[in-house]
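Next come two complexes built around chain A: one with chain B, the other with chain C.
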Partner chain A sequence: MTEVATAARRPYLLAGKRAWVLGLLVAAVLCASALRLSPAQLIPSGSGFALLREFAWAALTPALDYEAPVPEGTAPLALKVLDSLRSTLVFAAAGLSLAVAIGLPLGALASTAWWSRAADDSLPRGGVRKLSVPVLFLALRTWIAGMRSIHELLWAVLLLAALGLTPFSAVCAIAIPYAGTLAKVFSELLDEAPRDGADALRDAGASRLQAFLFGIVPRAVPDLASYVFYRLECAVRSSAVLGFFGFPTVGYHLQLAFDNQHYHEVWTYLWALIAVAFLFEALSSSLRKRVVLR
Partner chain B sequence: MLTQLRFTVEPGETVALVGPSGAGKSSLLRLLNGSLRPTEGTVRVDDADLARVSPAQLRALRVRIGLVPQDLGLVPNLRVAQNVMAGRVGRLGLFASARAMLRQSRTELEEIHAVLEDLGIADKLFQRVDTLSGGEQQRVAIARALFQKPDALLADEPLAALDPARAKETLALLLDLARRRGLTLVTSLHDLALARVDVPRLIGLRGGHVQFDRPASEVTEPELERLYELAPEEPHHD
Partner chain C sequence: MSASDRSAAVEVLWRQRPRSRLLRGVLLALGAWTALAWASPELDLAGFLSERRASNLATFLQTELVPFSLRGTDWGPRELASWVLGAWRRVGADSTFATLQIAVVAMALAALAAAPLALGLARNFARREPFARSQGAVADGSLGWRATRGAARVSAILLRAVPEYILAFLLLAVLGPRTAWPAVLALALHNAGILARLGGEVVENLDPAPLRALSSTGSRRPGLVIFGVGPLTLTRGLLLFFYRFETCVREATVLGMLGVVSLGYWIQDARAKQYYDEVLVLVLFGAALVLAADLTSAVARYSIRRRS
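Right after this comes the complex of A and B.
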């Protein structure tokens, strides 16, 4: 039983994983000292403490009406909250829809499943193929990585400068990085899907595209659907934060209320956002059950 | 590794490939539909050399050759009707096939139902494939190949997932379907007893060679023993 003997001898001081764990710990300590982090900083100053207490109290008593007098004819706070939620959802849905439209084809093209054996006989053969496929593949992957490596807030800064404060710049700011993430996840789901169904389709004379669409894609669809729903949740958060730039989403009103120190109003918006998150969670888990376990 | 093979299968003929595992039965079947290419020699289907046809011609040939692969190649989270429909996709354009996969017309459903009825699983028409038993899935794969309306049917161990009684019944069904539809049938079978009784022509493969190729009634006991005996001269690496 030589294997047992070697296995018993192996765990030496800095073997494999241990070295990694230790290295990470050392790195964490180095980072903390570079940033001069100390636990004392976690304790707020006197005025900070008062603010924290006020803010915490406001969490328990969100505003049901405006905290300061408003001009005649202003819509009630509840309506304003609902309206900001509506536009938050609309921006999120528009951004994600565009992301799906861009991300799914990109993801399909960036999957190895697309370029592999099932593809064999309709691509150019020999030298051209050997050279062109890896180059195309790499270019696509890099492009996708570029889309998602820039955060939606940075895209918003760029697009605001380029397009101005139009709804389209908010939608694009969400759509670009989300399309990149969707493309990456979709291509991974496609690559994890077994290929036997596609092979059987090829054997029955199906084209490469048909084999891909009917043999591989259906297997990725349940996971993809539940992932898209999760991303919708994320998009709602992104869309809310984009309000800080002046788009009429929750963030816009949140910032105004915060600047005016109307903390109870701040919490009204925050609770509304949290309610939406819960709603989405319930919806997406029921969707998962429907799609996956039917 | 297959070497020194030379045989012809006539239209409408039924042939069983027999031999121990690793003899090359699956590879031979894959050569016959062009999903494997020979490094030497030629495979001809209707006088077309499979290594020389264009991709489009290969597709056209494959449309006429149904294959039931050993792993079945079904899409588990699609319904039986969709999996059977997949057999017809090669005859349709992209949009027509997408429509057919998403929603089968009434006539298509009736046709699929008829094929499933032949195989005794008509009641499974709208079930998801992953809810079916192994034997039922085997039949769905056969149904898909039949729905393809092929001229020839290749089946790789179509009885592997079945219990002995079911295996006998399914082989009889395959032979009967082939006869009624005038199909050329080439099937690999590891169950020699079944093959000998029911299949007219046997090709014995061992280590990539043809050991014999003759009517089942003429295959002798010693030949069969030699086909399956554990060869001491071939080292095993398990």
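Right after this comes the complex of A and C.
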């Protein structure tokens, strides 16, 4: 009641969610002025403008063959593009599958279904447990947050420095932050899944692990599967960008073509990447329609 | 019911379970592709476990990550803390705040651009009579509206199909590295695509009854948006905004590596000089910023959800 009364007294623009919108707009203007951004800077200079025009033209006419002569015996451009796409998908699939293997157990452990005090008899009782449970839970959550708070490219920087340019660095660079994100989302999905099935199983004498595996996990599987599929799309993008660090994915060839000013070739790679995104989009939307919404 | 009856009934239920050929095909393809990926010589798993690699890693962890001024000295937590503080004062503070500012401006621009796109691709709004009871092909079949929806949908996909990093790389060449615009624009464009798609779903899931009431009293499209769709989608819109904000901060950190002033710029700078102690501390500053943004987002989402 009191909250309603105070909300009514506040000025119109500061009440409830409007305050958020207004606050965000003010923050954005302040940040823009701190960065000294002005719309006038968006107009490219003479050379930038020429580049933009060249670039726009290249977008409509992507290269179907190399723009400059290549040594005898070089594979045609189309094959090279397909091969870079294949590499991109290899790194994405390896990285994401490793992330799933790490992230799912972590997420299951970090779910409150596991750590809540109620009906918990698998952990030691008494003072040790009172102290150890919140500490362990917090440590686990912090670990997961740490994994995903560092961007995959920064993991790549660290891993490249530590291990050198080996393909497995790229796989790990994708796998670590993605495992953190998957663990977080999975634990949230498990927390939000209805508990009635698990309670019934517990009442029927199932162990805690059985109730968790057969009562809670299946309720979260459809959402989880659709999220993993979405992350696969993200992993393809990450993997493409990792090419900028020397791995043989789309980004590598794109940067090379750009540095050689072969803008039509740049667009061939870009369109190839966009085509993959369209494919994933079409697949995931038809899957969602048939599976999740049923 | 005897045991055999029961197992027969279970058998029948099992055979009647929902099945989708598409789902099976996709799962099979994904599994096969993953297996092929791990088996492919490209990953060079055997070459990974070499002796040189191990000694590389040992040097990296034992020497290169140790702050340069502390190497070979007898240092403890206090010396380390003062070194970290020094790094924060030198480059950390300014670039961390610049990273945050880039993310905030980019997200605000993304939200502003995503709103019209989301309306344009929503099947229940972008048609002749918005929110009217569906009359099959007649209500939304006009070519103009179908083209509008298609264009909005395609541009949303195009915007988010290109990774921010590549967008920023291209924009940098056009706009030059003098300002933060390449990073801001790249983040704004990519996130506009994502927000538009998610926002379009929010509009499509709106309860049409109050909106029909509004249009029956004579509201045209602008009125419907300002007094109907806007207020009804504000909560979900804010939730989406904060969901992306966290990711946007993460991305803003790395976009600097291309030459825009954010944390990434100094990370790349330290990397070029092979000062890996500095790389690590800057990466950790970025991680702290992302965790702070993560926490802010969680608090904001919680408070917005509670109030609605």
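Here, the second predicted complex is superposed on the first by the 264 of 294 C-alpha atoms of A that agree within 3 Å, B and C clash if a C-alpha of one lies under 4 Å from a C-alpha of the other, contacts with A are read in each partner's own complex, and residues count from 1 in each chain.
One rule holds in what follows: contacts are C-beta pairs under 8 Å (C-beta built on N, C-alpha and C of every residue); 3 or more make two chains touch, one makes a residue touch a chain.
Source: prediction; values computed, not measured.
J.: Determine, for the superposed arrangement built on chain A, whether chain B and chain C clash or fit.
T.: Once both complexes are aligned on chain A, chain B and chain C clash.
J.: Of the two partners chain B and chain C, indicate the one touching more residues belonging to chain A.
T.: Of the two chains, more chain A residues are contacted by C.
J.: Per the contact definition in the header, classify A:59: touching chain B only (first), chain C only (second), both, or neither.
T.: After superposing on A, A:59 lies clear of both chain B and chain C.
J.: Just to be sure I read the superposition right, which of the two partners does A:205 touch: chain B = first, chain C = second, or both, or neither?
T.: First partner only.
J.: Now for A:82: first (chain B), second (chain C), both, or neither, which partner does it touch?
T.: Touch status of A:82: no partner.
J.: Have a look at where A:136 lands relative to chain B and chain C in the superposition and call it first, second, both or neither.
T.: Neither: A:136 stays clear of chain B and chain C.
J.: Just to be sure I read the superposition right, which of the two partners does A:214 touch: chain B = first, chain C = second, or both, or neither?
T.: first
J.: What is the contact status of A:197 with respect to chain B (first) and chain C (second): first, second, both, or neither?
T.: Once the two structures are laid over each other on A, A:197 reaches chain B alone.
J.: Could you say whether A:37 touches chain B, chain C, both of them, or neither, answering first, second, both or neither?
T.: second
J.: Considering each complex separately, which residues of chain A are in contact with chain B in the first and with chain C in the second?
T.: On chain A, the residues that contact chain B in one structure and chain C in the other are 294.
J.: Taking the complex as given, what residues does chain B use to touch chain A?
T.: The contact residues of chain B facing chain A are 33, 35, 55, 58-67, 69, 71-78, 86-87, 89-91, 94, 97-98, 101, 128, 141, 144-145, 148.
J.: Can you name the residues of chain C that touch chain A in the complex?
T.: Going through chain C, the ones touching chain A are 18, 20, 22-23, 26, 30, 33-34, 36-38, 40, 42-45, 47-48, 52-53, 56-57, 60-61, 64, 97-98, 100-102, 104-105, 107-109, 111, 157-158, 160-163, 165-166, 169-170, 173-176, 178-181, 184-185, 234-235, 238, 241, 250-251, 253-254, 257, 267, 271, 276, 279-280, 283, 286-288, 290-291, 294, 300, 304, 307-308.
J.: Within the complex, which stretch of chain A touches chain C?
T.: For this pair, the touching residues of chain A are 16-17, 20-21, 24-25, 27-28, 31-32, 34-37, 41-42, 44-45, 48, 51-52, 55, 87, 89-91, 93-94, 97, 145-146, 149-151, 153-154, 157-158, 161-164, 166-168, 171, 232, 237-238, 240-241, 244, 248, 251, 254-255, 258, 266, 270, 273-274, 277-278, 281, 283, 286-287, 290-291, 294.
J.: Which residues of chain A touch chain B in their complex?
T.: Listed in rising order, the residues of chain A that touch chain B are 121-122, 196-197, 199-207, 209-210, 213-215, 218-219, 221-222, 294.
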